[in-house]
Each structure stands twice: as structure tokens, then as C-alpha cells.
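Following are the structures in question.
Look at the two complexes coming up: chain A is in both, with chain B in one and chain C in the other.
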Partner chain A sequence: MSPASSIIDVAALARLGPEPDVVISSRVRLARNVSGLPFVNRATHAQRHEALRLLRKAVERSVAPGLAWLELHGAAPRDRTLLVERHLVSRHFAESDAPRALAVSPDERTSLMVNEEDHLRIQALQSGLALDSCFAAACGVDDALAGAVDWAFHPRWGYLTACPTNVGCGIRISAMLHLPALRMTREIERVQNAAKDLHLAVRGYYGEGSVTDADFFQVSNQTTLGSTEEALLAEFRDVVLPRLVAYEREARQQLLTRDRMMLEDRVHRAQATLGAARLLAHDEAMRLLSRVRLGAALGLLPVDMARVQRLMLEIQPAHLSLLRPDAGVGDDAERSVRADYVRQALS
Partner chain B sequence: MSPASSIIDVAALARLGPEPDVVISSRVRLARNVSGLPFVNRATHAQRHEALRLLRKAVERSVAPGLAWLELHGAAPRDRTLLVERHLVSRHFAESDAPRALAVSPDERTSLMVNEEDHLRIQALQSGLALDSCFAAACGVDDALAGAVDWAFHPRWGYLTACPTNVGCGIRISAMLHLPALRMTREIERVQNAAKDLHLAVRGYYGEGSVTDADFFQVSNQTTLGSTEEALLAEFRDVVLPRLVAYEREARQQLLTRDRMMLEDRVHRAQATLGAARLLAHDEAMRLLSRVRLGAALGLLPVDMARVQRLMLEIQPAHLSLLRPDAGVGDDAERSVRADYVRQALS
Partner chain C sequence: MKCDHCERPAVVHEHLIRKGVIREVHLCAEHALEAGLAVPAAQPVAEVLLHIAKSTQGDAARPRALASCTGCGVSFAEFRKTGTLGCPACYDCFQPMLGQVIERAQAGGTAHVGRAPKAAAEVELRRVRREKLMRELDSAVTAEQYERAARLRDELSAIAPDAGDAPGREASGPSGPAR
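And now, the complex of A and B:
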């Protein structure tokens, strides 16, 4: 077993949280930089190592035990991809050449990226709509580290970060949403424009730079300056997110009322195709699983939504090669293993 | 029951004939014109009626009894479409405004179009590869009429016909072929070019003017002048058709050897989609049934090929409205009835 795969427990994030019909997961992330050291992109190799050393010491001393420490510069490519697929690290972080590490709790709810864009990014991730407990978890780590590290902080601007959009309280609040009905009714663009007006960033399944042509959208606050963490959280939790969730639910009801036949056609075809395909590319599998998830959420298909959620994790390339290490590396071999796995899982 | 639907027996042509894996049906057609009357496109309304009257008398007196006589100018549009879907009449014939009729045997193997492009077209149609018995059947009708009608015949040119390509012995020999593997391997264009060199016409499922972008091709001899019926039949039966059938079978073996996974993927997906869809357009249904037919022919799917053959007839728009008269006329209603029918038939 590889270091990354040994800490991966597929079952954890495959669980459903509150409001699972639309909200796949919630996330709160805090950005922090060590005072007296240049930002990662300005730091020398030695300074990056210094940040790594310093933060490892602080984490191991101050944060609740049980966090696994993973140095990414020493990890195998597949292991790094595995972490991207789990949404524990960004693609940028996985592909960087800096000395860098990830500390992650066994349940994956808490993780820390060291030397990503900032020296430290504290992340709390949970299934479903769980922003408050994500916020509490992230703050818990932040508080624990407060005495152990001296953060770059400006009395007027707040926490200093490599990217200006994070300056201030350095918080990013986000949710992964499943918005298939808004796509089917072609209202998604209107929603995306509205999100822009609300200073939200809308991204694809794999975050920054990933495509948004699937049914999964990561929505997050865009700026942090001039507001408190609590105010940003309250706005996102009480205004932004409920509105987006309501939009999607309305679109679903609209489809059920006006286009039920089309909707049933699509979800049943998706389920049948997943149950019959002998070759299945990742992007097609995600499109089909999205429809089956919608069918399950609306009670149109007798499928367990948690099973679908789990499959969405498992059929990603690196996860798949972990489950079926005998699979070849060629495209057809991967597509074949994926098809067999999905067929078995849904039969 | 309408006049056309009352003579339609879906079971007859749904049977499989010899070489059913590739050859769907065989057809021999003879073109004849009454001496002393102008060709249909040159004839007056009165002259067309005269041809109709004269030929009806001859048919009823001389041809084996049991032929139903159907006047198309008095038929409902759906009935005319029904006959096109059965390949008993051409689209041109169904849509013409001339006084015209179809005489057809209960088993649909023998039919006569009166006042299509020529005054009379004798057609013999059978499932599978059965050119000899089609030829015998067509000649039988021709012989029976020989004493009853005086045909336009030139001692040097042979039978005179409205279109020069039919002048001579006035025979057209054709076969409906299922060539999915040649399409998948992208060799179909090469075959179509070779067919052109052999003076063959290659048409779509509904004959002249219909699209050839599906997997079904009607192949027929292009010219008749300067050759005998027997020589044309022998060439088509012994050279042309065996070569086309062999090409398709080779392409199938090639797929089984080199692309088995892709092949299995496609036939299983097609079967699953037909078994799950809630809305099914005619052209999509034909594409999917073509793949299921291929899967059945190769033993990849446990599906009865005759059942597929029958479905291909039944799901055509006019046939469908006959089987389910309660269906609406709207597009969605038709697609829904088709999907329900297919799902039930394949479950």
C-alpha cells in the first residue's frame, strides 16, 4: 500500500450529509502565512523547507493527534492524483515542484496543505450542508496553532495572503452542488451570472481551472477583505446557498410537472447504460451518475444515493487503479475496468 | 379496420429467411406498360383510369385469386404510409395524385403496383436470401398476364418502360442488407464505390431518395438493357450478393477479433437503452435495433433475431398507430408509445 492510499477511506466521504439531494459537500478553508518568511512563490528552496519544518513541528505539537503527514514531493504520481480526486489537495498543489505536505485526519474532515499558494491552508470538509461544523473544525485547528506559529498579520488588512482575494480573514467557504435540473432547463447560465453578481466563484468538480460542463459546481465566496469570517459564513449559509438550493429544487419540480417523460427517459437511460456498458470513460460515467443521482433524489429510480455518491469517488482514474491494481494503463483497459466495476456495483 | 391495415399481417415479413444474419429480404420487380396507352406521366386522367380498369380486369381474371385490390387514391394517408413501411409501395407511389392501385397477396410475397412510374410493376418480396423464388413468383404473374394484356414491347429494345434504366427485360433485382460492421469499420464507403463500379444502385431503407446513414442498404441492379433476365439474376445472385455478404461477415469477424470490447459495449448499450427508454424516436430506434440485431446474429446477446425483425416493422410510425390507436399524433406521444412498446417487447 502506498502512503496516500493507506490513509484513504473511501467510505468516509461517500456518506450523505444534510440536504443530500443538492448539496454534495461543504468546505471551509483558512489561509495563513508564517510571519518573517516570504510567500511560497517568492521563497527560496531553503525557505520553503523552513516553512515545512516549522509547520510540521507546530502541527504535530498543537493539533489533535491522528493527523497523517504526507510529503507530496516524495509521493508517487498516482498518490498525488488520488488526493486531487478526494478533493484534499488542488491540482496546482499536486503538480507543483515545491517541497510540500498534506496533513489529514483519518476521516478526511480536516486537512492541512503546507506550501500550496500560502504556507498553510487549513481545510474542513464534510458531506452535505454542514458549513457551521466545517467552520468550527477549521477554527479549532486555527486556534490550536495560534500559540505555536506567528502568522503574517496586518492590524488594518488582517491575515496577509499570497493572493489578494484571500487577504483579510483569509476564509473561503464553499459547497459542491449538484445542479442537473438547472442544466436541463438551461437556467444554469442565468444562475452563474447571478452568482457573479453576488461575488461568488463558480467552478467545476475539480475546483479552479476544471471544466464546468458537468452537473457539479463548486460555489465559493470570492473576496474576504473588509468582512468578518462570521459575516461571510452567515451570508453564504443563510442567503447564497439556500437560494441556489431552492433554484435547483424548483427546476426539478418544473421538470417533474412539465417534462416528466423526458426526465424519466434520461434517468432510466442513464441507469441502463451504466448497467450495460463494457467500456466507460470517466467523463461519461460522471454524466450518467449525475442523472442516476437525480433519479434517486426524486424517487424515480430505486437506487441508493449513497451508493451513487461512493461510485462517483471510486470510478476516478487513480481510485480505480487502487481498487483494481491489475488494470492496465491503456485507455481501453481503464474504461473496461470502470465499466465492469460500475456494472457490478449497480446490479 | 382500414382497407390497408386489414390486409396487413405483420407476422409474414417478420419471419427470417435464408442467410438472415446479413440478408433481410430479397425482391424481384418487373416493369410493364400497356401497348397503345401513353406512359403514366404522359397519360391523361382518362387514360390512367383506362389503364387501371384494364389491368384490374386482367389481374382479377388471370392472376391466382386471393389478391386484395386497394385503390390508393381513395385510401387514408396513414394507410398509404403503412404500405410504404411494408415496402409494398414506393414513397413516390404513395404520394402521387394519379388514380392508382395495389394488388397484394395475403402473405405479401406478391404485389402489383398499377400506375406507378409504369402501368404495371410486378413485385415479389421474400424474407432472407430468396432471389430464385422471388424471380419465379414474379415470372408466374407475368406469364399469367401474358395472354390477358398486350404489353408495349419493341423487338430490338425489349419491354418499353418510362425510365430508360428499366428498358429491356424490365427487371430489377434487389436485396435489403444489414451491414452494421462495414459501417463500424468505416469500409462501407469503399463497398458503395465498388457497388457503383458494378452498376449497382445502393439506397436506404425506404428505397429511392431515402437516407443511407443507417445500417440498412437496398442494393439493386442499375440497368437492364442488353441482358437477359436470367443473366442479370445469375450475376446478382452468384457474384454481387455473395461478395457483399462476405464483406460484411469478414468485417464482423474482424470486429470480434480486434475490437470485441467495443462491439460488446455497443450491442449491450443498445439493448439496455431499448429496454429503458421512455421516449424513442423512429430513427434512433432503428439504429439501436440494428445493433441488437448484430448482437443477436453474433451470439453476443440472447435475443431472438426474428423478434428484432418484427419490431423493426412494428415501430414504424403508421404501424405503431395501428397497434396503439389510442396514441396521440404529437411527437412526444408517438415517441412514448414506441418506447413503451419496445420496452415491453424486449423485457
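And now, the complex of A and C:
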């Protein structure tokens, strides 16, 4: 196995998990701030370094050994982009040159962002519907750090965060969903409005600030105060998510029943284009792979859904340049390599 | 799309049923709040703040929030602009206005009921002591008293619970007991 493929194998987004037809991945994130320091946006350079030092010491002593510690302010641009593409850090976090770091477990299921909006963001990410194990993993890190760091905590407001929309539990429970049928049936806006009524945030493939014009949506809770973490998790897992998954599955059945020819046409056209294109931009490839993924999930195409899932990771710009270091530089060179890579993978 | 009642962009789009007639309404955050409609939580802070600021004007009976935080100097106006606070002390300094913002943004949640650090009180004592030492450290560095600064830095490191938290240790430093 080449080093590049071994790097990709550990990414949660490269595999299929439970309920893979709709749920791509699950994530639980806890926000914490160090007591006695200003929040990151107000901290001086020295105070940000102090937070880094303190948290690195605490993480290395208290959390399971083997976490890699990456200081992003010294990282090469491609490495930063790679982390964004693997959904380990936000774009904003990757692009800044202020002191900041990512600690990540070898299997990438657990990671810690230091000096993002809050001093610490504990993240647990797994493929498919796996919210309970994500929650357990995030709480495990929180428990391990409890004796090693004093967190900013208020008797009434709970864990204090830079943005008051995270105060209380500081928890974000989210799922990356594949909702192509809801988009095809033009039901997606209704679902987005319903999600707002349920106090959910709906974002694009790369989280906050990314576009939602593709078929991939990251849905997360927005309230963090007044309920326990367990209650928020239970509501998201047992009420919100099943409803969204059911909407998408109903829309797929509706298409199969009423518009089967149109559906088959779209998924086959997507497969044919991917199999023939000589230049493929990333967003175009994602749109086509989304349709092929739908075709695979419904048994309309003889394509392995796991292979499609993996391709979605591999064709991102930084991943592609890692997998095909011989590729030339420039938009056309990248699009050509991507088209070639996809053709080979799906042949 | 503009708000039905003003020139601001509408963020709430609802179908209201009044006496059997369905009416479509498009409202900005402020008018949605006035109409008792939920504002999408993805964009509430700045808009809700405007509403709160208006609703609290001239209300002399209420306790007043400080104009700026005593911990970090961030003003409430800056918070209104950015949506982010400067330090943990902001949460106390900007009451009661911040409390109203939080309750609206948190869909009515008024108090934390979830996980908590094991010894929140001890944490608070350590925080106060650490802040005191950091202030002393800043002034030592400014005054170029490097030996004193090094000693204070050692004391700061010793406060962290993972550096040993034996009884009486905290109060035994040269800076005296925590307040």
C-alpha cells in the first residue's frame, strides 16, 4: 500500500458506516475554553501560545497516547487543505496564520482543534450513523482532560464560549447527509425550512460558510443551553435525524414510482459522463458522483457505493495532488488528472 | 426579499392562518420577534441584539449592563458587531442584556443543566489566582524584572492541577492565598 492510500484509508469519509444510503458521517463536537485566558479572538499572540502550550501539555499527559500534534501556523498550504478536505478543521481555521494546532488520533476518529473560535474543540467523527459512539469518544476526551485543565465555567451559563450560541453544553451534534432525491423533487427547501423550525443549522459539504447547492448537507443542533447533552443527543438521534432520513427515502421511492425513467436517465448519464470526461472540475465531479452514489444506493447502477464514497474523498484538490504527484500544475492539468483518475476507478 | 414592514431583508417566511385565510408573511428579525415568530437561529445574534437594545432603551428600572467588560475591555457595541465575546467575564459584565440575547438564541434555554467540571469551585479559586499572577507577570516583564518574571512563570505552571495539587499547595506560594 502506498503512503498516500494509507493516509486516505483512515479518513472517516472514505468508508461506509451504518445507514450509508443517506448518512455519510456523524460528528460530535465539544467547545471548551481555558479559565483565566481571554477567548481566542481577543487573546494576544502570547496568550494564544500560552493556550497552545497548556493544552498540548494536558493532551499529551491525559488523553490516549499517539495523538499527532500538528501546528497549522507552520504547515504547508497543501497540508492545511488536506485537513479541510478530511473535515478535521474548518477553512477559517486552516487559512489563518495565528498560533493554532490540531491533535489527531491515528484513526482520525478523534481530533482536537486548539485556538479555533474557542481554545479547544474536541471532535469525534465516524462514518455513517454513529452518534452514540461519537458522543462517547468526545466525552472520553473531555473526562480525560478534566483534571488537567481548568475550563471557563459559569454556574448559570455552563461552559463559556466565545459565541453565546454555543454556551451551556458547548455541544454540536451533526450528520453529513446525502439528499439528492429531495433536491430532485424540489422538496429540499421545505426540509430546510422545517430544519430551521427545529432549531437546526443546515450547511454545505465543508461546514460553516460552504455552499449548499450540491446534494450534501451538514445538519446540526443549534441550541446548547437548557438541556443535558444526553437529551440533545437523543432528540437529534431519535427525532430529527430519522425524520430527515425518512424524507429522503420517501423522495427516492417517489422518484422510483413516478419518475423512474427520468431517475434512471440521470444516474446513467452521470455514470457515462464520469466514464468519458477528459476534464473534470471538482464541483462537477461531486455533482456527478452524487448521482452515481444515488444510483448505487437504489441498485440502479452496478457500482460499489463504497468505491464512490472513497472517490469523493480522493478527487478533492489536495488529495488528488497527493495521489498523483506527477500531475502538472494549473486548472486544466488538475481537471485532466481528476478525469483520468475517475475513469480508471469506475472502469 | 424585503420585510413586509420595513426595508430590511426578511429572514422569516411564514404562512399564517387567520380566520381561515392563509396569508404569506416575510419579516426581518426585529418584526418577527415583535410578531412572536421564531427567528432562524443561524443568524440571530446581531438582529436580536438590535431588538433588545431598542426594547431596553429608557427602562431605568432594570439593572444596567456595563458599557465594556472589566476583564478584557470588549464593549457591548463590539459584541453587537461581531457576535463574539472577549473573555469569560463578559458573561457577567453584560448582564442583563446578554442574558436576553442568549435566551432568544437558545430557544428559551435559561440555564445550563448538563456536564460540569468536577470541582467548579476549586477551578474558580485557581482562575482568580492565575489571573493575579498573570497581571504580576505582565508588569514584571514591562519593568524588565526578568528574575521575578521567571519566578512568577514557575508559580503559574505550578497552579495547573496536573503539576500537583496537594492540600495547602495553592496557598503556600509567595503571592499568598487565593482570594
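In this text, the second predicted complex is superposed on the first by the 334 of 347 C-alpha atoms of A that agree within 3 Å, B and C clash if a C-alpha of one lies under 4 Å from a C-alpha of the other, contacts with A are read in each partner's own complex, and residues count from 1 in each chain.
We adopt the following convention: a residue touches a chain if its C-beta (ideal position, glycine included) is under 8 Å from a C-beta of that chain, and two chains touch if they have at least 3 such contacts.
What you see is a predicted model; the values in this text were computed from it and never measured.
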| item | value |
| --- | --- |
| Chain B versus chain C as contact partner of A:152, first or second or both or neither | second |
| Chain B versus chain C as contact partner of A:58, first or second or both or neither | second |
| Between chain B and chain C, more extensive residue contact with chain A | C |
| Contacts of A:306 with chain B and chain C, given as first, second, both or neither | neither |
| Chain B versus chain C as contact partner of A:163, first or second or both or neither | second |
| Contacts of A:276 with chain B and chain C, given as first, second, both or neither | first |
| Residues on chain A engaged by chain C in the complex (per definition of touch) | 33, 35-39, 41-42, 54, 57-58, 61-62, 117, 139, 142, 146-160, 162-165, 167-169, 171, 193, 196-197, 199, 201, 222-229 |
| Complex interface listing, chain B residues touching chain A | 261-262, 264-265, 268-269, 271-273, 275-279, 332, 336, 339 |
| Complex contact set, residues of chain C against chain A | 13, 38, 40-42, 44-45, 71-72, 74, 82-88, 91-92, 98, 101-102, 105-118, 120, 123-124, 126-127, 130-131, 134, 160-162 |
